[in-house]
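For reference, chains read A, B, C, D and E in written order, and residue numbers begin at 1 within each chain.
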């Protein structure tokens, strides 16, 4: 199958301007406050783009959205644009369902200037680039941070951990009975397999080679990372969210002193911990290297749309990733802004002052990386989760767990490729 | 006599113990819906919210267009239930009273359709609805649910247990098969029909993925979709979610309280000797 | 009156069946056939329906997949754990609730509530009940000296936890059907049995159970089918994961995963048909066994059929 | 409507309920169907109604063959042995149902239902459900439902079995009146012989699915065509004495083995007389009074004979008496049970 | 077992089915319960069985109050008016069921079931399901089921209504025999008076839920305590003539208005005589023969009177005849229907 060439992606196809009113449908998975914020941005967009009507369609959560997109692709009723994760995008590209945005990006009339391109956080652009072509525009991005209970740290006279050793040390010290509570030092979310790439990177290793479609984590560094985690879970200084589902629960209860989790969880910690514990966030401690995964979706446009619609979609993408909108978006939702220039903005700075916990995320842009994007990655992470759980439960050795995960995962990737 | 009182007491004890277990999540739901966020996830759980946050209800109600959702839910549930009753009564009649060629084969095939996981059928059905042009229309929410193999199977079992004497008597009275079905079998099967209606309404009411998939506009969506507004990838606003969940299930509980009377009100067969 | 079959009757039956059949063919049979075909496509484009190769590779691949066998095993355990217990319990509760007792309406409503309560509320509370540290269940077990069980994080206990939840959740549904079935039993038979000296238990065994056999057969078939297709409960209890170390991964979870996560439509379809075949065979057996019993009770129908 | 049954047969898997039954019922006739329990009476009615398809044979209404006509098109009124009332309908609705099926206007249907309900004396029960009625009341509803539409053929399967004697006499008079008025051909199954004898135009007797006799009531009673009919009718039952019949004279014998035929005489056709000519000598054993009847039991050799006597007849237990049958009211049956029509001069001897 | 009913009352929402009924049934007695349809017979049995709780009053078995004893502990055998056979059990299983409940061994239970089935002549039907039986056969299964366990109290609700006369006589003799043998106290509801009169030790008569008379059969028949009893029993029914009774003499009057009492005479207690002393003069209207009965109808003034006559009495329609009641078999009832016990010298005149 031909990769990435889409029929309507040539510069010549891009209209000069939108002369007739055009309506674009935008399927998203933003709910509650996030949806309200998105609606607000779109409203503002439409005020400056009178010819464009944006129909926002809420398609539930991400998994519902994905299902719906699959169904729509099958029925040939895809919208003009949608949110998409990178690994979804690689499927869509394989099936020629989304458009290469490079011509738009480079279009003199409608594209980004060089400074624009530089301003957008590199890791975000890179994660949207497949075979040298841009297929998406970063939209709602989050990252992993370290949450910690400031009271507990103060009590044990610990400073915020900066690297693995400090982390391990703090976890050990924080574990035990504090007050009336039995406290565990460090917590991880249940889908630990999804975090594993970061740990491997921090250990100095590589998780996978995307081009070769090869998993590489079954390496010395991979083992180091897993050993590091396993030692802590086995001696009880670290735990998974487990039956508590999300770490935000036990953390805001004071049952866990620190945890590593998505910055998107902050609002939940905020409301859950209110009046119970004091807390703050910090960038992830580093191992041999600093490495922070960035997650979240991007905006894509589907090939089935008309040229006018595509141009309109591009305009919207451009707008949403512009400085002011992305700042508004970040402020309203807790996602990170996609432009570096935001960080120096006075408005943003005063916002950060009021909400210092949001600072941790943006501090990590430089150590940021994006996850392995091939079709099947999600499944590989699931396999890893399962095997890591088995290792934590002493059902398997680190060695065997990793080998088995690599074997199963590689099989999935190979199948996906054939698919 | 004393034994009777004793066993009655024992029955109550069992039923109430079981009842508490049944009620627990419901109570939790209501109590959570009245909590401030920081009381939601505490362990051990807080059962009596303090203070009681009535404002959660107001807040949740405004988060999504629940009035519209409510109307859609009622409309869709009513329509698809009526449809299901109609098709079910007719089909169950054929399966229970008419001995036709291929009856057992057709029935087996119908049974078979229940055994394929619905997850597999979602997308082909979506495609069909697109071809019919029903996406984002009430047709998509109702028509596919207007026939239910489960209901046909259930009603067939009931129809089979109606004494044939009644059909004889009806024929003597000059009643055609069709009229016999509507005037005798249907009223006598009231408990079964109400059960079917109840299960259908609840199924329709609680169905979430389907309305989400086959509709695109807010104005076409139903109550459970409203629950979406309170979850995100990283967590859930449980207190508001429980408000919404309470709003979603309350009509069902009221409906059940109304309908269960009719399920109890069985039909005695008196009037037929033997 | 059941009698000889004729073409005229067949035509009439078709008329009665037409509305239901039309819908079922369009929305059930057609997609089933369609996905059945897909289960034989080994290389093809799902979106354009262009098929490059057909074969039974999908089937071979699932049979060679240890994960599939694991999910099959888990499903079997689940079905065996849920169906008999659920039927017995719901029958018992239905019979009790059918008694002339006070607060009957209220109690019925209470038993019905789990069936309508939101899945999220249910899962949150059950996760609390199963919580190893703060949970109700462990507290109760602690009273009888059983030490704390890690219901949700120990792979050995995840399935029992899931089974308990599923029984609880399905109870109301079965009870409602049983209640409707109980209404169908004429009270005269209970009167006769009391005169014959039958105790409440004996009346249950000799009148209720046999006269309810049609309903029980129905409920057990439905319960079995539903148990084989279990999915939501797993999602709810383990928050989207198939339990610790996949200890609660069932066939439908497997299928879901293949279809919606991995986009392996052919394999997912193939797995569906393996599941289908298993359920179908078991249902036929159930119908046969249950049907024989009913044959005996309903032989009057056959007999009138003799008057040709 | 004339009714013709031609070799009508109904077989269940292993039982022949009705066995080649042939007869013709005239238009407007009132026929009672009599026979022992399980002899096929209900089955016959069900075939007439079209509810059972005959296994063999033909059925004609007037001159149309109706074997395959659907029951609902036969215009029949039927009272089922087990009532078969619609449990979910009130008495009123039950009775109105056949009229509703005939699309009679609601108002008229109601009026007619009320009228017929008064006739069967259930007018005060109209709003009740069948489950709230006594057995006899249910039965009366069933009668009302069958009569209300003035059917062309009325099939009554023991319609009065649960009614008290007084009501029963009333009801049958009413049924008979309506039947006459409208001229409905009626088949009436009953176990009450007195009833059958008093209201039927003709009586059809069946046994084990087979035809026995079809005649006017007094003929069936007084001129039975076989021993079954003679034995079946009459209360107290007919006396049957083993006799050796030859040359116009019947001689009482000791045992069935020695008998070549049986002499049947009904208790009311035996008289206690003073002389021994054509009479049998025996010892009076007991006198029983039941209501208005006084039954004398006489032992003649080793046979017991019952005789109906007047209350004032001065006979005591232990008396030796002569018993003589009315000559034209004594029947001779051969060993197969058929009536011997050969000349019998009334000669009778006990030695 | 002795049975005592004390002011037993049963009310349904708006109907009083049984109204303060009191009586005592002796141990081992065979009592028939008689009364018009809907008078509360079945309801009374249901209370005795414990299936209905009396609204008022008390019920004693021997000397124990049993109002609240559960039916299953009362050791009762019952034939329901609607049979209530277990449809899912074969005839054999139906009959064995009460024994199974008593934990009688399978083998013995089966033997007893077969034995009793032979008694009611259904031994060939043991493997059938109730739905495959005729009405009478079902009824016999119900009888067998009630008898098989030799209960302490036997309640029979019209157990023979669907049996033919011959079988009926057989059955009742068998029931009576078992009842005697085991000494079971039995309450028997029937509509067949002849039956009630012939097998009961005593007859209890009810009307509209209320007690009427409880006496030995011939007493009820010959000495009715009120007009209801007199009218209810007897076939053809008693003749009731409006009379003016004074000074020991009854004078026939034209209409009910003029009457201060009624003279009741059963048809068999009226004789056609030659002289007019204490007799009424009338015109013979018709003679009907029904089975063995010959009923002469005589018009006396504007009253119709039925008389049972002998077949050979030489009376033709149109004859003028004198009709005279047997003096001690004629009853006087006052306007409330109570029997007037005042001296009546048999004097009777029609003017």
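Here, contacts are C-beta pairs under 8 Å (C-beta built on N, C-alpha and C of every residue); 3 or more make two chains touch, one makes a residue touch a chain.
In this text, all values refer to a predicted model and were calculated from it rather than measured experimentally.
Visitor: Quick check for the class: compute each chain's Cα centroid; which one is farthest from the centroid of subunit D?
Guide: A
Visitor: Can you pull out the chain pair that has more C-beta pairs in contact than any other?
Guide: The chain pair sharing the largest number of C-beta contacts is B-C.
Visitor: Need the most distant chain from subunit E, centre defined as the mean of C-alpha atoms.
Guide: Looking at centroid distances, A is the chain farthest away.
Visitor: Can you work out the whole-Å distance between the CA centroids of subunit A and subunit D?
Guide: Between these chains, centre-to-centre, one finds 94 Å.
Visitor: In whole angstrom, what separates the CA-based centres of subunit D and subunit E?
Guide: Roughly 21 Å, centre to centre.
Visitor: Quick one: subunit A and subunit B, Cα centre-to-centre, how many Å?
Guide: Distance between chain centres, rounded to whole Å: 39 Å.
Visitor: Any chance you could list the residues of subunit C touching two or more other chains?
Guide: 1, 3, 131, 188, 260, 300, 303-304
Visitor: Using the touch definition from the top, which residues of subunit E touch two or more other chains?
Guide: As it turns out, subunit E has residues touching two or more other chains at 70, 81-82, 85, 131-132, 135.
Visitor: By residue number and range, which residues of subunit A touch two or more other chains?
Guide: In subunit A, residues 67, 70, 74, 244 touch at least two other chains, as defined above.
Visitor: Over in the complex, which subunit A residues touch subunit B? Could you list them?
Guide: Listed in rising order, the residues of subunit A that touch subunit B are 25, 31-32, 34-35, 55, 57-62, 64, 67-68, 70-72, 74-77, 142, 244, 246, 248-250, 252-253, 255, 261-262, 264-265, 267-268, 271-276.
Visitor: Under the stated contact criterion, what part of subunit B meets subunit A in this complex?
Guide: The contact residues of subunit B facing subunit A are 36-38, 40-43, 63, 122-123, 126-127, 130-131, 135, 209, 212-213, 216-218, 225, 228-237.
Visitor: Taking the complex as given, what residues does subunit D use to touch subunit B?
Guide: Subunit D residues touching subunit B: 46, 49-51, 70-73, 75-78, 80-89, 97-98, 101-102, 129-131, 138, 145-146, 149.
Visitor: Using the touch definition from the top, list the residues of subunit B that touch subunit C in their complex.
Guide: Touch list, subunit B to subunit C: 7-8, 11-12, 14-16, 18-19, 21-26, 28-29, 32, 43-45, 86-88, 90-91, 93-95, 97-103, 106, 108-121, 124-125, 128, 143-144, 146-147, 149-150, 152-154, 157-158, 160-161, 164, 167-168, 177, 191-192, 194-195, 198-199, 202, 206, 227, 236, 238, 241-242, 245, 248-249, 252-253, 256-257, 260-261, 263-270.
Visitor: Which of the residues in subunit E come into contact with subunit D in the complex?
Guide: Counting only subunit E, the residues touching subunit D are 12, 34-38, 41-43, 81-82, 132-137, 139-140, 157-158, 161-169, 191-194, 197-198, 217-218, 221, 231-235, 237, 266, 268, 288-293, 308, 311.
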